[in-house]
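Two complexes are shown next, each including subunit A; its partner changes from subunit B in the first to subunit C in the second.
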Partner chain A sequence: MLGRIIRHEWTNLAADRTVWVLAGLMALISLYGVYNGATWSAFQRENIAMALDEERDRLAGHRAFVESGQEPASRFRNPLSPDSVGGSMGRRYAYLPPAPLAPLSVGQSDLYPYYFQVSTNSKQSFLNTHELENPSNLLSGRFDLAFVVVYLLPLLILALSYDLLSSEREQGTMAMLLSQPLPLWTLALGKIALRALVVLALALGFSLAGYTAAGGALASMDALLLWMAVVAAYSLLWFGLAVAANALGKGSATNAMLLAGIWLVVVVITPAAVNLVVTTSYPIPSRVELVQALRTATEDANARSAEVLSQYYTDHPEYLPEGEQPDPNDFTLRSYAVREDVERAMAPVLERYDGQLLRQQTLVNRLKWLSPAVVAQEALNDIAGTGLARYQHFLGVVDRYHDELRSYFIPKVSARATMTTADYDAIPVFEYQEESFGEILGRVSAGIVGLALPMLLAFGVGARILRSYPVVG
Partner chain B sequence: MTATIFKKELTEMLRDGRFRWLSTSVLVLLGAAVLMGMAHTRDVQTQHETAQAAARQDWVGQGEKNPHSAVHYGTYAFKPTMALSAIDPGVDPYVGVSAFLEGHRQNQFEFRPAQDATAMQRFGQLTAATVLQLLIPLLVIVMGFSVFAGEREQGTLRQLMSLGISPGRLALGKALGVSGALAIVLVPAAVLGVVALTLATPGAEVAADAPRLAMMVGAYLLYFGVFVALSLAVSAKAPSSRLALVVLLGFWIVNGLVAPRAVTDVARSLYPSPSSFEFTTGIQAALADGLDGQSPTDARMAAYQQEVLAEYGVDSVDELPISFAGLRFQKSEEMGNEVFDYYYGGLNDTFESQNRVRSLSAVVAPLLAVQSLSMGLAGTDVAQHRHFSEAAEEYRRMYVGRMNEDIAQNAGAGRYVAEAGLWASVPEFDYQAPSVGWVLANHRLSILLLFAWLAVALTLAMRAASALRPV
Partner chain C sequence: MLKATDLTKTYNGVAALDRLNLEVAPGDVFCLLGANGAGKTTTINLFLNFIEPSGGTAQVNGLDVTRQPLETKRWLAYIPEQVMLYRHLTGLENLDYFTALSGTDHYPPDQLRAFFKQVGLQDGVADQRVSTYSKGMRQKVGIAIALAKQAKALLLDEPTSGLDPKASNEFSRLLQRLSGEGVAVLMATHDLFRAKESGTRVGIMNQGQLKQTLTTAEIGHADLERIYLEQMHD
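Right after this comes the complex of A and B.
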C-alpha cells in the first residue's frame, strides 16, 4: 500500500512544473555554494604554499651565507647569530591546512588567521594577524553550501510539504481517499516518504557532487558520511514539523504561515537572540585595553630587567648551558627575560578575553539546542573544520611549536653560540597534527542527537494529533 | 472616501490577533536591540577614550630621549565610536579597533571584535538595524499580502467595487491602512529610541548627530514604503492570497538572506583583493627596491645625499649646517610613504569597488541600498573606517616628520637627547568625523536606487490596482 502511495505521489509531484523549477534552482545554488567554498579553500592552500616557498628560500639563503664563511654586514641581521635567526630571520610558518570538507562550509575560516610567522618573539607579536578582507563581506558572510543547507533547504522542504494533507482536503479528495481501506497515517507517511526521498537525494547528491568537484579524496569519506547524516537529520526535522503542522487540520494558508513563522524563529530570530544573551551575559571588553596593558607590562619589565633576568634562568635552567653563568648586563639575554616576564604579566589580561570567550562558547553550547539551525551550522562547521573548536586546537599546536622553537634557539643564545649549517638543518619544522576523527565525531554526534530528538518529537506529536484529524470540513 | 477605507483597514488590522502578536514581538526585539546596543556603544566609547588618553599620557611623559627613539616608542590611534552605532553597528565588529603609529611603517588596524566572538555572531546580530531591515518588511508583508487577494476570496471585493470607488483611491486607502498600523508600531519605538539616545549621549553630540538620525529615519521610511507598495501590487495581481504570500515571502528571502551573501562572492570574484601574504611581501619588496623594483633604497639614498651636499655646496655630511640623520630619516619615511600609499590605497580602492558592486546589486535587493545608507549615516561603513585610518596615518606622518625635523635642526655630532617638552609640542590626535554631505555623496547610488525602487513599486501598485479584477 505504502509503495502505491509513494508511486502515485511521484506521478503527482513530477507533473508539477514548480517542483522541477525549485529542484533546478536548488541544484544551481548548491553548486554555486560549493564553487565559492572551493575557491576560498584553494586560495588558502595557495597562500600556505607561497609562504612555505618563501620560508624555504629564505632559510636556504641564510644557510648558504653561513656555508660561505662571509662576515655578516649587520649585527642585527646576522645569519650566524641564533638571536637574529630565532627572532626574525629564521621565522617559520605555522599553518592550518583547509580540511578535506572545507569547501562545503566557509564557517569562521574567513575570520580566523590560518597561518602565523612563529619566532622566539612573544606570541603577541605574531598572533594578531588576519587575512585581508573587505569588512562588508565579513558582515554578510559567504554563500556556501552550509548556508544553502541551514537556511534554504528547510524552505524547499516546507514548500513541498506545507499542504501535504490540507490540499487533499481542500480539493475534496481526502474523503474519497480515506473511504478506501487506507489508514490516514499510511497516507501521510507515504506522502512524506516520497518527498523526503526526493529532497534527501537532491541534498545528499549535491553534497557528494560538490565534494567530488572540489577534489575531495575518498579517504575522507567518513567525514562526508557524517556531513550527510547531519543534513539528513536536519531535513527530516523540517519534514516532521510539516507533518505536525498538517496534522492540526487547518487550511493550507494557515499551515504556510505557521511553518514560515517557525522557520523565521528557528533560523533568524533565535540565533540572533542567543547571540544577544551570550554577549550581554559575558561581555568581552574592547581590545584597546590590551594595548595599554601590554605597554605598561613591557615598561615595567624593562625597568626591572636585571631582576627579571635572574628569575628567568631560575625558571629555565634548561636554557643555560652547563657551567655557564648569565651575564646580567647582556642586553640580548635581558630582552628574552623581559619578553617572558611580559607574557606572564599579560596572562591574566588575556584571560579576560579568552576566558570570557570560553564562557560565551559554553553558554552557546547550552543554548544552541533552542535552535536546530544553530546545532546544524555548528555541526557542519565542525565537520568542515572551519569552526572554533578546530581553530583552538590549531592554536594549541602553534603554542607547542612556539615552545619548541624557543627551546631550540634560546640555549644557543645563552651560550653565545654561532649558527652552523647543521644548526640550520635542525631548526624544528612545523607539523600540523589534525584533531582525531573521534573528537569531531563526538561533537558532531551530540549535534545529530540534538537534531534527531526534536525530529522524533515532531513526528510523534504529528502522529498523535493525526488520530483526531478532521477528514472533512 | 479614502479616509473611510483607511479607518476600516486600520481597525481590521488592529483586531487581527496575528498583527497584535507579531507587532508586539517586533517591538520587544527592537527595544531590546536598541537598549543593548546603547549599553555596548557606551562601554566601548569609554574604553576607547580612556585608552586614547592613556596613549597620549605615555607619549607626553616619555622623558628625555632621542626623537628617533620616540618614533619607535610610537603611539596608538583608537577608533572612536559614533553614538548612532547603537542603532547600526555596521562593519564595526569586522574592522580593527587600534593601530600602532610608529616610524618607518604604516601598520594595519588590529583586533577585530568579531574575532572575540562565537560563531553566533555570523548568524547576525540582533540590532535595531536588523529589525528594521529584516523584520519590519516581514511585518508589512504579513499585513499586506491579503488586502486585495483576501477580499477577493471572501467576495467582498466585488461589493466594494460595485460601489463605484476608483481603484486608485481604494489602493491609497489600503496603503494608508497598512502604513498606519505600521506607524502604531514604529512611532513609539522611534520616540523611545530618540529619547534614550539623547539621554545617553552628551548634548553637543546629539545636535551633531540629529541630521544623520533624521536622514536615517527617512531612508528606512522609503524602504518600508517599497514593501508596502510591493505587497499591495502583489496582493492585487495574485490569483489567490496564498500565492501572494508565497511570492512576497520569496522576495523577502532573496532580499534579506540570499542577495547579501551571493553578492559577497560575486564582488570578490569581480574585484579580487590581494592576500595578506602578497600584500606584505609586496610592501617589503617595494620598500627595498622601490615600487618599480628597479631602484634600490640604498642607491636612492646615496643620490639624495649627493643632492643635499650639492644644495649646501659642501663635500661631506659633517660639514652640513644641519644634521643629515634627520634628513635621512625623513627621506626614508617619504620613500616608504610612497609604497604605503600605493599598497593601502590600492587595497582600499579594491574594497570600494567591491562595495560598489554591493550597492549596485540593490537593483535586485533594496536591502543592500538601505543597509549601506544606514551604515553610512551611523558612521559605521567601510568608507568611514578608511577615512579614520587615513586620518591616523596622516597624524603618524605629521608627528614622525616633526621628530625628524627636530633631529635635523638640533642634533649635532654625538649623542642627541631631546628635551621632554618636545613630545607635548606634538598636537593631540583629534579625529574629525566626515560631514553628512560627504556620507551622502558616498552613497549617491544607494539613495538613487532606493528612490527608484519606491517609484517602481508605486507604479506597480497603481497599475495592479487600476487593473483590479473583482473575482
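Right after this comes the complex of A and C.
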C-alpha cells in the first residue's frame, strides 16, 4: 500500500510544474555553491604551491651561495649564519592544505590565515591568531553548498510538504482516501517518503556531482558518506516538522505560515541569539591591551637582558655546545633569550585572549543544540575540514614545527657555527599531519545524533497529533 | 451489517445526533430522510469513523468502528455528496488508485473499464482527465470506485445529487441489484421519490433524532410525503 501511495505521489508531483522549476533552481544554486567553494579551495592550493615555490627557490639560492664559497655582503643577511637563515632569510611556510571535501563548504576557512611564515622569530611575529573573529561568523560566510543545504534546502522541503495533508483535505480527496482501509499515518508516511526520496536524490546527487567536479578522490568516500548522512538527517528533520504541522489539521495557508516561522526561528533567529549570548558572556579583550602588554614585556626583558640570558642558558643546556661556557656577552643569543622571555611573559595575556575564544567556542558547542541549523553547519564544516577544530589542530602542528626549527637553529647560533650545504639539507621541513578520521567521525556523529533526536521527536509528535486528525469539518 | 446503538454526537452541548438506534441488514436499502442539519451526514461520518461518537456505538459486521476502523472500512464503500478526485489524473487512474487502496485484488485495466461502462460513462471518458468532468461524471466515478471495492455495506450521502434523471434511475436500479446481492445500503437523501423507489425502508430524521421508520413496500408515494411533512412540523 505504501508503495502504491509513493507511486501515486510521484505522478502528482511530476504533474506539478512548480516542482520542476524549484528543482531546477535548486540545481543551479547548488552548482553555483560548489563552483564558489571549488574556486576558493583551488585559490588556496595555488597560493600554497606558489609559496612553496618561492621557499624552494629562496633556500636553493642561499644554499648555492654557500656552495660557491663567496663572502657574504652583509652581516645581517648572511646565508652562512644560522641566525640569519633561522630568521627571516630562511623562513618556512607552514600551511593548512584544503581537505578533500573543502569545495563543499568554505566554512570558516576564509576567516583565518591558512599559511604562516615560520622562523625562529617569536610566535607573535607570525601567528596572527588575534584576528579571530567572533563566532557570529559561524553561520554566515560564503555562498557554498553547505549554505544551500542549511538555509535553502529546508525551504525546498517545506515548499514540497507544507500542504502534505491539508491539500488533500482542501481538494476533498481526504474523505475519499480515508474511507478506504488506509491508516492516516501510512498516507502521511507515503507522501513524505516520496518527497524525501526526491529531495535526498537531489541533494545527494548535487553533493556527489560537486565533489567529483571539484576533483574529489574516491579515497575520501567515507567523508562524502558522512556528509550525506548529515544532509539526510537534517532534511528528514524538516520533513518531520512538516508532518507535525500538517497533523494539526489546519489549512495550507496556516501551515505555510507556521513552518516559515519555524524556519525563521531555527535558521535565522536562534543562531543570531546564540552569537549574542556568546559574545556578551565572553567578550574578547581589546587588542590595544594586547599590544600594550607586548610592548611592556619586551621593554622589561630588554632591561633585564643579562639576567634573561643567564636564565636562558640554565633553561636550555642543550643550546650550549659541549665543553663551552655560557657567554654573557653573546648578543645574538641574548635576542633569542629576550624573545623567549617575552613569550613567557605574554603567555597569561594570550591565555586570557585565546582562552576567551576557547570559552566562546565551548559555549557555542553547548548552545548549538538549540538550533539544528547550527548543528548541521558545524558538522558540514567539520567534514569539509573547514571548521574551528581542524584549524586549532593546525595551529598545534605549526607550534610544534616552530619548536622544531628553534631546536635546530639555536644550538648552531650559540655555537657560532657556519651553515654548510649539509645543514641546509637537514633543515626540518613542514609537514601537515591530518587529524585522524576517527576524531572527525566522533564530532560529526554527535552532530548527527543532535539532528536525529529532534527529527524523531518531530515525527513522534506528528504521529501522536495525527491520531486526532479532523478528517471532516 | 450496519448497526447504531444509542449513537450520539454533540457539538458544544448541542446534539447533532441524538441516541440513534438503527440496523441495516444485508439486502436492506435504508434511506435517511430529513431536513438540512437533521444529522444524516453526521450518522454516515460516524460509521466511517471520521468523527468520534460522543456516546453509543456504531458497528459494521459486528465490529465497533472506533476500535477496528481499518477492518470495518474494508467492508464499507462510501459515496459522498461531492465525489472529489485527483483532477490531473484520468478517471481510470483515479479508479485504479482508490481501488488499490481499498484492499481488493488488483484489477486488470479492461475490468476497470468495465466498471465505467456499468455506471454509464461513455467510452473514452475513462481516459480523460477528471478536470474535464462534470459533477455528475465525478459522482459516477465515485460509484465505480464503490462497485470495484465489492463492499458489504454502502454509505451514501446524497450520492445522486447532480445526476441527470436517467443516471439517477440507473443508480436506483444498481442499488436494487446490489441489494439483491446482499449488500446493506445506508443512504442519506432528499429525494422522497427515489427513496420510495429504491429503498426497502426509510427513516425520517429531525433535529438529530430518528422520528419514524417506514417500510416502503407498505406505503405509497403520497403517504410518504404526507408523513415526512408531518414530522417536519414538530
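Here, the second predicted complex is superposed on the first by the 461 of 473 C-alpha atoms of A that agree within 3 Å, B and C clash if a C-alpha of one lies under 4 Å from a C-alpha of the other, contacts with A are read in each partner's own complex, and residues count from 1 in each chain.
Methods note: a residue touches a chain if its C-beta (ideal position, glycine included) is under 8 Å from a C-beta of that chain, and two chains touch if they have at least 3 such contacts.
All figures in this text were calculated on a predicted structure; none of them were measured in a lab.
Undergrad: Give one of first, second, both or neither to describe whether A:421 is in contact with subunit B, with subunit C, with both, or with none.
TA: Touch status of A:421: no partner.
Undergrad: By the touch definition at the top of the document, which applies to A:176: first (subunit B), second (subunit C), both, or neither?
TA: The answer is second: A:176 touches subunit C but not subunit B.
Undergrad: Please name the chain, subunit B or subunit C, that touches the greater number of residues in subunit A.
TA: For subunit A, the partner with the higher number of touched residues is B.
Undergrad: Once the structures are superposed on A, label A:433 by its partner contacts, choosing first (subunit B), second (subunit C), both or neither.
TA: Touch partners of A:433: none, neither subunit B nor subunit C.
Undergrad: Figure out whether A:281 sits in contact with subunit B (first) or subunit C (second), or with both, or with neither.
TA: After superposition on chain A, A:281 lies in contact with neither partner.
Undergrad: If we overlay the two complexes on their shared chain A, which of subunit B and subunit C does A:290 touch? Say first, second, both or neither.
TA: In the superposition, A:290 touches subunit B alone.
Undergrad: For the complex, give me every residue of subunit B touching subunit A.
TA: Going through subunit B, the ones touching subunit A are 18, 29, 32-33, 36, 39-40, 43-44, 47-48, 50-51, 54-55, 58, 76, 78, 90-91, 93-95, 97-98, 100, 110-126, 130, 134-135, 138, 142, 241-242, 245-246, 249, 253, 257-258, 260-265, 267-269, 273-279, 281, 347, 350-351, 354-355, 358, 381-382, 385.
Undergrad: Which residues of subunit A touch subunit C in their complex?
TA: Against subunit C, subunit A makes touches at 1, 4-5, 8, 11-12, 15, 171-173, 175-183, 471-473.
Undergrad: Spell out the part of subunit C that touches subunit A in their complex, as residue ranges.
TA: Touching subunit A: residues 45, 48, 50-51, 70-71, 73-74, 76-78, 80, 82-89, 93, 97-98, 100-103, 142, 145, 149, 155 of subunit C.
Undergrad: List the residues on subunit A that touch subunit B in their complex, please.
TA: 29, 32, 36, 39, 43, 46-47, 50-51, 54, 107-108, 111-112, 115, 128-143, 147, 151-152, 155, 159, 252-253, 256-257, 260, 264, 268-269, 271-276, 278-280, 283-292, 295, 353, 356-357, 360-361, 364, 373-374, 377-378, 381, 387-388
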